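In the two complexes below, subunit A is the common chain; its partner is subunit B in one and subunit C in the other.
On to the complex of A and B.
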C-alpha cells in the first residue's frame, strides 16, 4: 500500500446557479495577462451543450486521455514514436477558433467621438491581433442554449440515447439544462503529465496538485492535446503552457482557491483524501463500467489504523491525516457514495467529483393547469426531464445504475426532510426509500446539514501544507536562503518568449 | 485551420480584391516611370552607352559629342541602322573608323530608322548641354597577357575627355587587384558566371539574368540578352572588358555600380566568353521549362495530398464545422 494525500474537490451541481462568479474570480487573479486572455482555468458550461473548447468531450477529434491497450492503457494522442515524429507539428491541437478569439471593446470611441446625430458605439477589437473583429464565439457562447439545434444537439454525451429521448430534449415543454463548472481535475493518472516530452508537468507529492514548470516547458503542447478535459492552455505570449494551479499559494496560506471562495451557490467543497497509489495502473486499466467503483475503492479510510501507519511511513504528516478525517469530499465520495467523477472513461482518475443534479420531473397540462404529479412531487426518476443515460454518459461512463443510486440517495434525503418538516409524505414511503438506498435518518440529517447549512470551515477543510518540510526535502536547510528571493522557486522570469 | 477552411470562412472579399488591384497599380506605376524617359535616351542607354559617351571621351567607340555636326545626317542614320552592311559595302568613312578603333567593328544592334533618328536627336540635345561626367567608372586597359599586342601597341586611353576644359574627370576608384588567380582562366570564368564563385565586391552572378548555351538546360535568366556570343558582339577582349568594367546598361548599372567587377574577374569572364563564342545561341527550351514548372506543380499537389493522408485524423476545425461560419 502506497498511501498518498490528495487535495480533492467536490461540486454539488444541484446548487449551481450558473453565475460564472468562479470564472471571473479566477480570471482576475490568474489569466488577465497578455497571451492568456482566451484561457478560462475555471469555466461554467451549460449541459446539454458543446462547452469550451467547442465539443471538448469528442475525443475522436481531440484525442485526449487514455485508451485501453492489452492489459494496460496508453495515451490516445501520442506515444514515444508518434511524439517524436510529430513534435514540430502536432496534429491534434485545438485552434484558437475552437476556444474563441478573445476581444475587448474600443471604449475610447464612446468618449472621443465627435458630436453627431448617431450614438457612438464601442466596436469589438481582437485581443490577439488588435484589429476590429466580428464576435462569433465566446467561452460560454452556448450559455442556457438548451434545445439549440447547433449546441445542445451536438453534445457528445447524447450518444446512446434513443431517438425518442433525444427528440424529447428539444421539445419546448421538456427543455432542460443544468450547469457544469469545470476546473483542472488534478487527476491521479494525469494524461498531461504523461505526454510532456520535456517533463515540465508534475504532480506535487505532498498534495497531488498538478503543476507545470514554466522554466522547463518547451512549448511542445502535447499536454494541450493529451488532457481530455482541455484544461491546459498554451500562452502565445510567453510561449509556455499554463494550467489551473488550484490556487496553491492560497492553499498554503490556509485559504480556499479563489473559485471556491467566491462561489455564490456555495456548491464547492474541498478537502484532502488519502489514496493508494499502487492501484493506479490497475484501476485505470479496468473495464469501463468498473471505473467509478474502483476509483472509490482506491480512496482509503483515514481512520483505519493500517492506512494511518502506511501514510506516516510515506511521510504524510499526521495533521494532514487528521484533516482527511474531516474532509467533506471523503464523506460525499466514499462514505455516502454520492459524488461521481466527470467522464471516468478518459481513465485519468480525476479527483474533482460532482453530485449530479436532481432535475425536475415532467409536468403535464390538465384542465388548462400545468401540473407536476401530486403524489410524487420528487416523482419517479424515470419521469425526470433529463434522460438517465445522459447523466450516465457524463459521470459514470454510461453506467445508468450508478447514477440512479446517487439520485435515489438525493431523493431520499429530500423526502426524509420533507416528511419531517412539512409532513405531507407517508412515513412508510420514506422508510422504503431509506431502506432501498441504505441511508439512516442520522446520515440523512448529516447529508442535509453538509449540503444546505455548511459553514465556511466545513466546506473547505484545508490541510496544513507544511511547506517547511517540502522546502527542507528539496533544498536542505531553508535558512540557507534567508533574505533571498523565494525558497527553491525560480528567481528570474522564464527566458523564452516574445 | 486548413487552407480550404480559410478560403471558405476567413478570406474576406476586400483582402482578395486588394491583392490583384494593388499589384496592378504598382505595375502601372513602374510603367509610367519608364515612359517618362524620352525614347531616344532610352534607346541610347540600351544600345549605345556600352561603347560610346557624349562628351565623356572615347571608350570602345568614339565620343559622340557633336557627332551630328561632324557627319552627314543620312550617313549617321544609315550607319546606326546597319553598320555591318556599310562595312561590307566598303564605305570609306566606315573603313577609316574601323582602323582608327582597333579593328573593332560596330555591331548591328537592330536599331530601326525611327529609333536611330531619335537617338541622334538625343545625342544632339545632349551635346548642346554642358557635359556631365559619365557616371560609370572608366576602364583602364588590362595588362593581362591575353589582351595581346593590340593593347600594348595601341592602348585605348579612355580617360582623356574630348574637351578637357568642360568635362570633369569621372571619379574613378582603382579596383583592388587580387594577388592570386590573375591568369585568365576558363574554369574560373565559368564558375564566376554560374555563381559557384562569388565576385569579390558582391556583384550578382551573370547566370541570374543571362543565358549561355554552354550551361545547357534552362541555361540562366532571360532578363538580359544571351551571352553565348557576347565576346564577338563586343569585338573581343577590349570591347567586352570596357563593357564589363563600366556596365553601362541601365539594368546592370543599378546592380553593379556599387559592386563593380575587378579587373581579374573581368579577365576570367573574357576567357570564358571567348570559348563559348564557338557555340550557337539557343532559344529558351520551352519544353524543358514547361516540364520543370509542371513537375513543380505536380510535386506540390502530391505533397499536399500526402500531407492530408498522413495527418488525416488530425484535429480540424470543430466550431466552424459545427456552426458553418
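On to the complex of A and C.
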C-alpha cells in the first residue's frame, strides 16, 4: 500500500446557478495576460451543449485520454515513438478556432468618429491580430441554449439515447438543461503528464496538484491533445502551455481556490483524501463498468489504523491525516457514495467529483392549477427530466444503475426532510426509500446539513501544506525568490526606476 | 592576413565561441525562453505542409552531413560504385528539395497569415533568411556541381577537422566554387546566431521521453516528517 494524499474536489450540480462568477474570479487572477485571453481554467457549460472548446468530449476528433490496450492502457493521442515522430505537427491538436478568437471592442471609435448622421459604434477587434472581426464563438456561446440544433443537438453525450429520449429532452417549453462547471481534475493518472515529451508536467507528491513547469516546457503541445478534458492550454504568446494550478499559492496560505471561494451557489467542496497509489495502473485499466466503483475503492479510510500507519510511513503529515478525516469530499464520495467522476471512461482517474442534478418533475399545470404528483411530492425518478442515460454518459461511462443509485439517495434525503418539516409525505414511503438506499435518518440529516447549511470551514477543509519545510530546502536563503514575477515571468523582476 | 584567412581561419572560431558561451548563458539565466515557439495553435493547415517537409528534409540532410563529417571514408567507399553514388546523390537531392519546399511554405505562411505575423519577431525573419540562403546554396551545389557527397568528404570535411584541430587549413576550401563557399560560410553564420534565435529548440530534443516512466511526481520533501 502506497498511501498518498490528494486535495480533492466535489461540485454539487443541483446547486449551480450558472452565474460564471467562478470563471471570472479565476480569469482576473490568472489569465488576464496576452496569450491567455482565450483560456478559461474554470469554465461553466450548459448541458446538453457542445461546451468549451467546442465538442471537447468528442474523442474521435481530439483523441484525449487513455484507451485500453491488452492488459493495460495507452494514450490515445500519442505514445513514446509516435510522439516524437509527430512532434513537428500534431494531428489532433485543437486550434484557437476550436475555442474562440478572443476579442475586445474599439471603444476609441466612439470618441474619435467624425460627426455624421449615424451613431458611432465600437466594432469588435481581435485580441490576437487587432483586426476587425465578426464574433461567432465565445467561451460560453451556448449558454442556456438547450434545444438548439446548432449546439445542444451536437452534444457527444447524446450518443445511444433513444429518439424518444432526445425528443423529450428538447421538447419546446419543456426542455431542460443544467450547468457543468469544470476545472482541471488533478487526475491520479493524468494524461497530460504522461504525454509531455519534455517532462514539464508533474504531480506534486504532497497534495497531488498537477502543475506545469514553464521552464521545462518546450511547446511540444502534447498535453493539450492528451488531456481529455482540454484543461491544458497553449499560450500562443509565450510559447508555453499553462493550466489550472488549483490556486496553490492560496491553498498554501489556507485559502480555498478563487473559484471555490467566490462560488455564489456554494456548490463547491474541497478536502484531502488518502488513496493507494499502488493501484493506479491496475484500476485505470479496469473494464469500463468497474471504473467508478474501483476509483471509490482506491480512496482509503483515514480513520483506519492500518491506513494511518502506512500514510505516516510514507511521510504524510499527521495534520494532513487529521484533515482527511474531516474532508467533505471523502464523505460525499466514499462514505455516502453520492459523487461521481466526470467521464471516468477517459481513465485519467479524475479527482473532481460531481453530484449529478436531480431535476425532478415537481408538478404540472392543469386547467390553470398547479398540481403536484399524487403519489408523492417529488414524483418518481423515472419522470426525472434528464434521461438517466444522458447522466450516465457523463458520469459513469454509460452505467445507468450507478447514476440511479445516486439520484435515489438525493431523493431519499429530500423526502426525509419534507416529511419531517411539512409532513405531507406518507412515512411508509420515506421508510421504503431509506431502506432502498441504505441511508439512515442520521445520515440523511448529515447530508442535508452538508448540502444546504455548511459553513465556509465545512465546505473547504484545507490541509496544512507545510511549505515551511520546503523553505529549508531552498538552499538556505528563502529571500532569494522574493519579488520574482509569477506565471510566465521568471526572468525579470518587476523593477522600476533607477 | 588575407581575407580568406579571416573568413576561414578566424571567423569560424568567433562563431563557435559565441555560440557556446551565449547558449550556455541563455540556458542558465533565461531557461523560460527555450521553446520551439510552435504556432500550430494559430494556424494548422499550412504548417503541416511546411513544418513536416522542412523538418524531415533537413534532418535527413543533416544526418548525411554528420555521417560524412564523422566517417568520411564511409561516404567515399560507398561512392566507389556509380550506382550507389547515384542513389546517395538522388536521396540527398530529394531531401534537400523537400527541406527547401517546406521552408518556402513556412516563409510564405509567416509573411501572409496575420495571426502568424503577430508572433513573428525580427530574429525569426533573420533566421528564415539565413536558412533560406543555406538551403538554396546547398541545393544549388547539388544541381550545378555534381557529386558533392564525394568532394564534401574530400575537401570540406578535412577542413572542418582542421578547425577542430586548431590548425585551420584555408587552402582546402578557398578555391571551391562560389555557391559552395557561401554554403560553408553561411553555415558558420547559422552557428553564430543559434543562441539568439528560436533555433535553440533543437538542443532540447526530448529523447528522454522514450525511457522515462509515464507519470512524474515531484516531492518537496521526500524524507518522512514523522514516523518511518
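Note that in this section the second predicted complex is superposed on the first by the 453 of 498 C-alpha atoms of A that agree within 3 Å, B and C clash if a C-alpha of one lies under 4 Å from a C-alpha of the other, contacts with A are read in each partner's own complex, and residues count from 1 in each chain.
The rule we apply is simple: contacts are C-beta pairs under 8 Å (C-beta built on N, C-alpha and C of every residue); 3 or more make two chains touch, one makes a residue touch a chain.
Note that the structure is a prediction, hence the values are computed from the model and not measured.
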item: Touched partner set for A:93, first subunit B, second subunit C, both or neither; value: both
item: Subunit B versus subunit C as contact partner of A:59, first or second or both or neither; value: neither
item: Partner chain in contact with A:193 - subunit B first, subunit C second, else both or neither; value: second
item: Partner chain in contact with A:137 - subunit B first, subunit C second, else both or neither; value: first
item: Partner chain(s) touched by A:221 [first = subunit B, second = subunit C, both, neither]; value: second
item: A:402 touches, of subunit B and subunit C: first, second, both or neither?; value: neither
item: Partner, of subunit C and subunit B, that touches more residues belonging to subunit A; value: C
item: First (subunit B), second (subunit C), both or neither touched by A:50; value: first
item: Footprint overlap on subunit A, where subunit B in one structure and subunit C in the other make contact; value: 93-95
item: Subunit A contact footprint on subunit B (complex, rising order); value: 1, 311, 313-320, 322-323, 325
item: Residue numbers on subunit A that touch subunit B, as the complex places them; value: 50, 53-55, 58, 61-63, 91-95, 97-98, 100, 136-137, 150, 154, 225
item: In the complex with subunit C, residue positions of subunit A that touch it; value: 80-81, 83-84, 87-90, 93-96, 128-131, 189-190, 193-194, 196-199, 201-206, 214-221, 224, 234, 236-240, 280, 309, 312-315, 317-318, 466-467, 469-470, 473, 488-491
item: Complex interface listing, subunit C residues touching subunit A; value: 30-44, 47-48, 51-52, 54-56, 114-115, 117-119, 201, 204, 206-210, 212, 214-228
